[in-house]
Structure formats: structure tokens, C-alpha cells
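Take a look at the structures below.
What follows is chain A paired twice: with chain B in the first complex and chain C in the second.
Right, the complex of A and B next:
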């Protein structure tokens, strides 16, 4: 499918086509061999709504989510549904989840929720579940099998015995570079559920896994990590085409492991540096990733945004809309059997803003 | 007379003499200020809105202390690291800036530079 035509077709008339690049949208369009099964969905993640006191919230993060919701609502045709990819709250409080849910409630399409660690560790997902439903589940939509997982569980002892209060536990898990942190995981119980769930899915059916954590082992120091990634990937191995979309990392990442294409989502709130920019750590990001531009903090939305994806024949084609930069497009390349940046993968040297980390 | 001179000489402090013990003591002083800097790095009360440095800069990544002084395009002149820290305190953290010699500002810079140890100086780099 022609991406340009697809993008323009999705915007309501009334503005110049030049607005296409200035109107970021997270949209997953699934286009399979059968045209009747083509559809789109939006993916918004990592809002990190943060309560200051009383009814005051950090305006910066609020604006990021408000913008993503407003732009998603401008899509025409309307996406079939929207996925929120986790970390709606910063510290898991009811005030934050309520404020975030209120902003999300403006979305016209149906909303599916994926839980993040910043939603989970205050009350172990109790209030999240009241607002958004189950923490892991699956659904079928127009010939595609979707699986949603809670990939932010951790060791039982850390979860239940280590910290004196739930508030303390939440703060410890919310701290990205915490030396007292604990690696995220899907866990045995969910893996058993997943194995059972996938039994009824044909090998040729495209599978899309919606997760907060990467379902890979990327950088342990900042919990860009899934401790049981190997086991989860093994459960997905029998399927011809699998795509994993994940949030959590607040930056552009992509990877191919066997039959699974991985694509990260941008955060609406704030970017995170690439792990290579921490001098005391080894660079562990997949080598093929062409980074997003280093964000300019003077533009508070720089380095934030969202993306939309065409899944043609079960392969992902991700269009990243960066608020203050040119768009980026990462698509599956059949010649190399992996996702690649369609503009910059072979450009050498990379433009300066992509190098200066 | 000679004996007195010897006694007097041995009471003079020799400024160029320092031992491993001295260096360890001074390093410990420095590390304690680094630790203070780390505490401030994750402290929601550093700014005015609960946002912490660590939320955007885990392990002080992407602060590039080795490039200062440099022309900071967004400020419009050559600045030192502490001035950029103040920009962050005033803007995303919506708080009050710190003076250059404020113990907390010194601690923040100690933490930032310690996390960046080993990286060669590159003053002026954007």
C-alpha cells in the first residue's frame, strides 16, 4: 500500500496536505493479502501523568497525551480501535490513572489497555483493572490474533516483602536507573496461559503481541528488559509472522529475532536517552537501529510522539511521527528479512543529529 | 643550635608531600558529594513540580558534561554546565535556580561528571 496515499487518506479534509508531517498519529494499519481484512489501529504509550498535589498535574506530560488523543481523533477513516501501551500514570495513583483515563476518554474508537510498571506497582494493578479490564487477554480482529500481556511483573519477594510501603515500592520501580530495581518479566503463570491461548491459533494466522516491556533483553541497567524473553519468544516461534509492539523505552528501537519483528513505540511524555549514552555501560541496543535524533529540550514535545504501522502480509511498516523533526519510517525489508529504516539504514555517515549522543 | 634547627624544620608543613591515605581521604570527600548529587538527582523536591532529573537523564545520561563550556544554542551564548542545570531547574522542573557555588549545585555537577568519567574532554561540542 502506498504509504503517502494512506496517510493523506487518513486525515480529515480542511488542511493543506503539507500538514501531513505536522500531524503526528499513532496508527497501526494491518493490511493482509485479503483486502477485506485491512484495518487500522492507533498505539499511544507512556503518558506518565504525574500528580504534583491536589488537582495539579505536570502540564508537560498532560500536553503530550492530550495532543496524541486529539490527533488520533482527526484520523479519517477512524481507526478500528486504539491501544494504550502502558505507563499511563507516573506513580500509579488513582488521581493519575483517573486524570489519564479522563484524557483518553475523548478517544472515539474503542480502547484496549496494556499495563505498565508505573501503573502496576502501587496497588498491583487493582485500580488499573477497574478502569481498563484484564491485565492479560487476547482477541481476534479481522483475521489477526492479538495478545496483550502484563510484561512488568517481577520477582515475588521484591514485590511483596522488600519494601515497607506500596508507595515506596512504586517509587523504586518507577526509577529507571535504580540499582535496587528488579528485572521485569512475564512470568510462569502468564506463559502457561499464553501457551494455552496460542494452541487454538493457526500457524499461518498473523500474531500481534501488545506489550509494555520489550520482550527482549536490551539493557538491564534501565530495565529495558524481559527476564523470560527467551521463553516467551519460544512460545511465539511456531507462527509464520509475529509482530511485537512495545512501549516502555521512550525511543525508536526495532529488531528481528527469528520470525518475530519488534517495534518500539515513542512516548507521549518525554524521550529517554539511548543506553549507549551512559558512559559506564556497554552498548547493547540491537546494532541495526538507526537512532532518532537527539531531542532538543527547549522544545518540550521533541523526542515525543507516536506512530502508525501498516502490517502488509503480516510484516510491520512503522511510520513514526516526531513532533519537532522529520518523520521516520521503519519497515520490514524482504531482501534482508528484518525491519530497516527506509531512509537512513544505508546512509553513511548518519546525519549529525542521529550521531550526537 | 643545630638540634633546635632540626626540631624546627620537622615542624614545618611540607605542602608538596601527600600520601595514599590523604588521597583516599580526599576521594572519599568527593564521593560523598557525588552521593549527595545522586540523592538530589532523584529528589522530587529539587524542582517545583515533582519532576526529577532522573526521569529524563537516567545515570545522568545525555547531559554531556565533557562538552562544556560550549555555545548553548537555546540560551544564545557560551555557557557552563551549571547554567544548563539551572535552565532545567527553571523549565521542565518548574523550580528555582541554584547559585553556581550552592552546595547542591556542586553536588549535582559532581554526580554528573562522575557518571561520565573516562570520556575525553570535548569542549564546545554541540
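Right, the complex of A and C next:
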């Protein structure tokens, strides 16, 4: 594109003002938007800071988190806050959590932490809590009720009795495709807390749940899974507008189940491939309308990214900042009442193979 | 090299390629290069080349009458202004960029270090009106001269089949671009060795250096080589840690400032050359994508030995300095902090001294025969 840019060009920038719903707006319209109902927050997840020995950390994961933090700081206007979506560490060690926290400390906006399984299973979240506070909590912001959950618990026996050392337990949980693994869950105690917490929230108040695991049942083999997803979703059912933002899967997913819009986050560290879907019930599978290309191994940041969420009247519009790739934008489409990629349309019904190109 | 000798050798280079030869070359290309892309609305002709060459060297198209395209892209300096770090325009005003070579520039998909324009035609008009280059307020002086000058008039008629009085800046751009499309140079020792299968065309060090280029050096992924030609550029933009670190501490202030200025319609061409800080944004100044922060176009490596100094800001004076920068993982001073926005393709290389020297020997084998004398002269008189 040549030198002359119109106003719309300004809005496309990573530093752009918020988009309302699925519609781009001019600078003029935004000036009259109700600021109180429209705000952004950044979501950075799955840094997987990995300690090699002593003070040496895997450079690739370090650089991913450093870059996400630096770019988030350049967003203009500044997002209202930043959420770190879990798996800051690779094996939950203090060195890793400290190193990750140090990189995150450069963030200008306020930071909220969501715990991931790679942060939790070495010391059951003890050091994480020292750095980032409670493992589940809620807060209100500009008329939206935010809930943070620890969605990476598993059954007590596996957690406390199964493994001889905490290190062994952490390694088992960190492995993908592990037959020794155990499904992730929110658990009864937290569901009871959530039920209580939501009692004081009006049905019309937008609710955003910040989680590491998907709060859906996507693919059990890789623990893209929340064992008590149905129960958690049932607690959220009474509310008119609910958004769940989650990490853990290291890829773009989006889904609508009844009143809940689900959006995954990209990882800053490395991508995961798309799992073969394990069909428990067809309508719980996320719709991957536009799978991403395979990452170019030469460019370590290809296949990674971070995102910011524009929230307007309780509907999420997620902007994915990707590397060596164009950005992606998944927003709630009021016409179809579900999140959709704003550039790529649904390919349902699927075209014949000869027509793919 | 004394200026007269330089000028003469430059003329020799151009004279040695007669117009006809250059038209022919456009059809049959030198070893190691693909056919030159030619837009369908600007076909090559001998007349257009002649007109373009004259426009290219005409100093009257500047406000002082002292600067032409060839001032910064001198034929006797491999179409650069080596050894200048930044190019110099009217009144000795310094810009923010090191002049890239026009040799083989016809193969680029985007022009300028930050890809501001997408054709040679479009690129050619910007320096005329840039305040630190040729400093004209508009194209009127150019059109006035070309329409009425007795030497230009027959060239215009022959090139475009129109009366000179009807000439517009569009034709000027097309003629200059056509001339630039003849500035293609292959046939380097590397080409003869790799594509021509001449066993001894490059020495052992350069052959080892080629392996470094392909493997430990990780160079070929951006400085690409294809099966039967090598452009040594992927036509993409990467932050390799040059220049951006200078404004690292100011990015929080500069970035929203730039985005707002663009929304208000500033001229990016002038901003980039007029302000040293804005210049470091690279491709981001155009695309506004974080991926492009501090990212600059992969230049060709052809004739790199004679086009020092290097990088968009000419900050690396020798090929050794360049390799050291890459070897350090994208910093010139190894104690410096790596750019937060560094391309994911850049990492510490851990090259040995032998590998570094071999890699430089390989790069020196990319000089086309037309510039071999220039290379020898530069080597003799450092």
C-alpha cells in the first residue's frame, strides 16, 4: 500500500481504538461511543519459561514473552488491564516463575494472573500465589463481572497420592498425550464458590470468565478438557452474555455454547497442532473455520502470538497479534449470535475437494 | 579513486553495455538471474531506455541544480554513493538512509528500505520532491524542462509517440523505471560456479563460506537462492536489531505519535527521511503492524562487496561487522540488549573465526564482472 492512508488505516493498527461488535467505526463515531461500555484488555498466555540450569533459560520462550510484553505496552490507548492466562512456567519452579514475573513486571497496565497446570503442580500453587495472589477470585470493571478460576485441578488421589515426588507429579502433568495424565477440572469446591459469587450478579450484567483450561470438552488425549465443563456451563447459563477466554491450547479456537462465547488465546512460546476431535457431543466442538498454516521453523515466533479483547456491551472482539502472519480477528456476530472470524467466512457446507483452491 | 577516473569507469560500464545490448539483455538475462519483471503498461524499448538514462542523470531536476538520481546512485559506484553512510541531497542535507544499490533493484517487489512503494515507477518520483533529496516543490520544473529542451524532445517522441508538450510525470516515471530495468548484473564468480558448474570459479574459502551461508549462518532463509537463479532476497521485511535499539527508550512516546500523525495525513516519505527517529520504525511506519516494528527489507547480496557501508542506516562499515552483528544474535555491541521486537529468525550463531572469514569470502564472490575493477580498487586503497 502506498503512502497515502485514510482514517480507516489508523483503526486497523495494533494500537487502534476499540472496534464495536463486528463493525469498524470511524473516528467520528468513536468519539460518541459510550466509553463506559467499551474497553479493552490484553491477554498474554502460555509463556512456558524454562530453566536450563542456574540462571540460564530457554531463549526462544523468553523472547516470546518479552516481545508480547513490549508490544502490549505500545497499545494506544492503553488497555485497561492485562491478564496473564496461565503456564508462565514450564515446570513450575521458583526460578521459572520469578524469571517470568520479572519479564511481566515491565507491563504498564495492571496485571491479573490466571494459574495454569505448569504453574500449579510442583507446589500446588504456593509460589504462584505469592507472586500473583489468589488462584480464584472475581472483580468488577466498568459494569462487567470478571471471574478468574483455577481450571487445572484434578482428582485428589492423583494430586496427593499417586506420585513419589512433586517434581515427578509436575512432569507427568506437563506431558501432552500422557496416558498417566489426569483430566483437568474446576472441582466441586470452586463450583460452590462460583455459584455463591454469581448470586450477587444481575442476569443482564456481562460476565467474563478468565480460565486456563477451555471449560469445554475438546480433546481428552491432550487435556484440552474440563471434566466438569457441563456443571460450570450450567452455573453460567442464567446470564444473558457470557464470554470465556482461555489459554492452554496454543492455537485459535472459538465456539458458542448456548449463551457462552468461548475464545482461546495464542501462546507466546510455541504452537500446538489441532487435535483430532473427540466427539462427545457434536455441539461442544469448537469450530475451526480457518486453521492456521504450519509454522515456519526458521522463524521462532511463527505460530505464536498474543491478543487483546475489545469488550463492547458484553460482547467480545478478540484481535490476535500473530508473527510472520496476518493478524486475526474473531468477533461476536449479532446476526448469527456467535463468534466468527471477521475476515474468513464459514465454509459450511464444505466445498468439494476440487474446489478448495 | 580520483573522481575523473571514477566517472570514466562509470561511463565505461554504461557504454560497454550499448543500448541494444541492454534491450537484448532484458530478454536474455545474465547467468544467475531470472527474467526481469516488466509491467504490461510500460514495455521496454531502446528509446525509452535512452530517455530514462538522460532523466536519471539530469541535475536540473533539483532545486539547486546540483542533484540527480545518479548523485546517490552513481554508475561508477555500483549505483550507490559508497562510502557515504547517509545519502546527501541539496545543500548537503543529510537524509536518514544509506543508498541501496540500483543494480538488480528491478527484481524487488517493493522499493525503499521500508517498502514505501511497490514499483520502480512509483519510487522514482519521490526523491524529486523530498526536502532533503532534490527539494523541488512539485514536478513542474521537471516537466518544463523535458517538454521544451531540444535534446529531450526527440527522445520523448521516440519513446512515447506523443508530442513533448503532452508529457506528464507518468511518462517520466516510466522512462526512469525502464532505464533501471536494464541495470541487471549477474555472472559473478558464484554464478559461474553454482549455476554454470565451473569448478574453479570460486576458491575453497568461498565454497566453505557457501556452506556456512546455507547452514550455520542461517543466511539463505532470507537471502534466498532458487534452483536456477539467485536474487538473495526474500522480498520481506525483518527486524534484525539494527537501528531500532537507538529509539528503544522512546518507543512509548514515538509510536502513538506516529500513528496519530498518519491519521492526520502526514507524508510518510518526508517524515521518514526528515526525522532520524521516525526512520527507525522501518516497515511499521507503513503497515502499522507490530510484526514490522524496526523491520527493513532484505537487500540483495549481489555486489555487496562494493556497496559498503551496510544496513538501512549504513551503520555497519564492513562485511566483518555485518557478520559479527548476526553472530551476536542481532546486536552490534554484544553487551547491548537485544531488541524486544527482533525477528524470530535471528539468534546467536556461534560461528568460528574460520567460518566468519569463509562467509565473507563467499560474499565477495557475488561481485559481477562489471564491478570487479571497482572491487579491486577498493581493496587496494582502503
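Following the convention adopted for this analysis, the second predicted complex is superposed on the first by the 297 of 357 C-alpha atoms of A that agree within 3 Å, B and C clash if a C-alpha of one lies under 4 Å from a C-alpha of the other, contacts with A are read in each partner's own complex, and residues count from 1 in each chain.
By definition in this document, a contact is a pair of C-beta atoms (placed from the backbone, for glycine too) under 8 Å apart; a residue touches a chain by one contact, two chains touch by 3 or more.
Please read all numbers here as calculations on a predicted model, not as lab measurements.
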Inset, instruction - State whether A:230 touches chain B only (first), chain C only (second), both chains, or neither. - result: neither
Inset, instruction - Figure out whether A:222 sits in contact with chain B (first) or chain C (second), or with both, or with neither. - result: first
Inset, instruction - For A:240, decide between first (touching chain B), second (touching chain C), both and neither. - result: neither
Inset, instruction - Tell me which partner A:327 touches in the superposition: chain B (first), chain C (second), both or neither. - result: second
Inset, instruction - For A:298, select first, second, both or neither according to whether it touches chain B, chain C, the two together, or no partner. - result: both
Inset, instruction - Could you look at A:126 and tell me whether it touches chain B, chain C, both or neither (first, second, both, neither)? - result: neither
Legend entry - Where chain A meets both chain C and chain B, residue numbers: 298, 300
Inset, instruction - Spell out the part of chain C that touches chain A in their complex, as residue ranges. - result: 116-118, 122, 218, 221, 251-252, 255-256, 259-260, 262-263, 265, 267-269, 286-291, 293, 338, 340-345, 347-348
Legend entry - In the complex with chain C, residue positions of chain A that touch it: 1-5, 7, 9-10, 12-15, 27, 59, 63, 66-67, 69-71, 73-74, 76, 298-302, 321-325, 327
Inset, instruction - Under the touch definition given earlier, write down the residues of chain B that touch chain A in their complex. - result: 42, 49-51, 54-59, 61-62, 74, 87-88, 91-92, 115-119, 125-126
Legend entry - chain A residues touching chain B - in the complex, by the definition given at the top: 48, 50-52, 56, 58, 60, 175-177, 221-222, 270-273, 275, 277-281, 294, 296-298, 300, 356-357
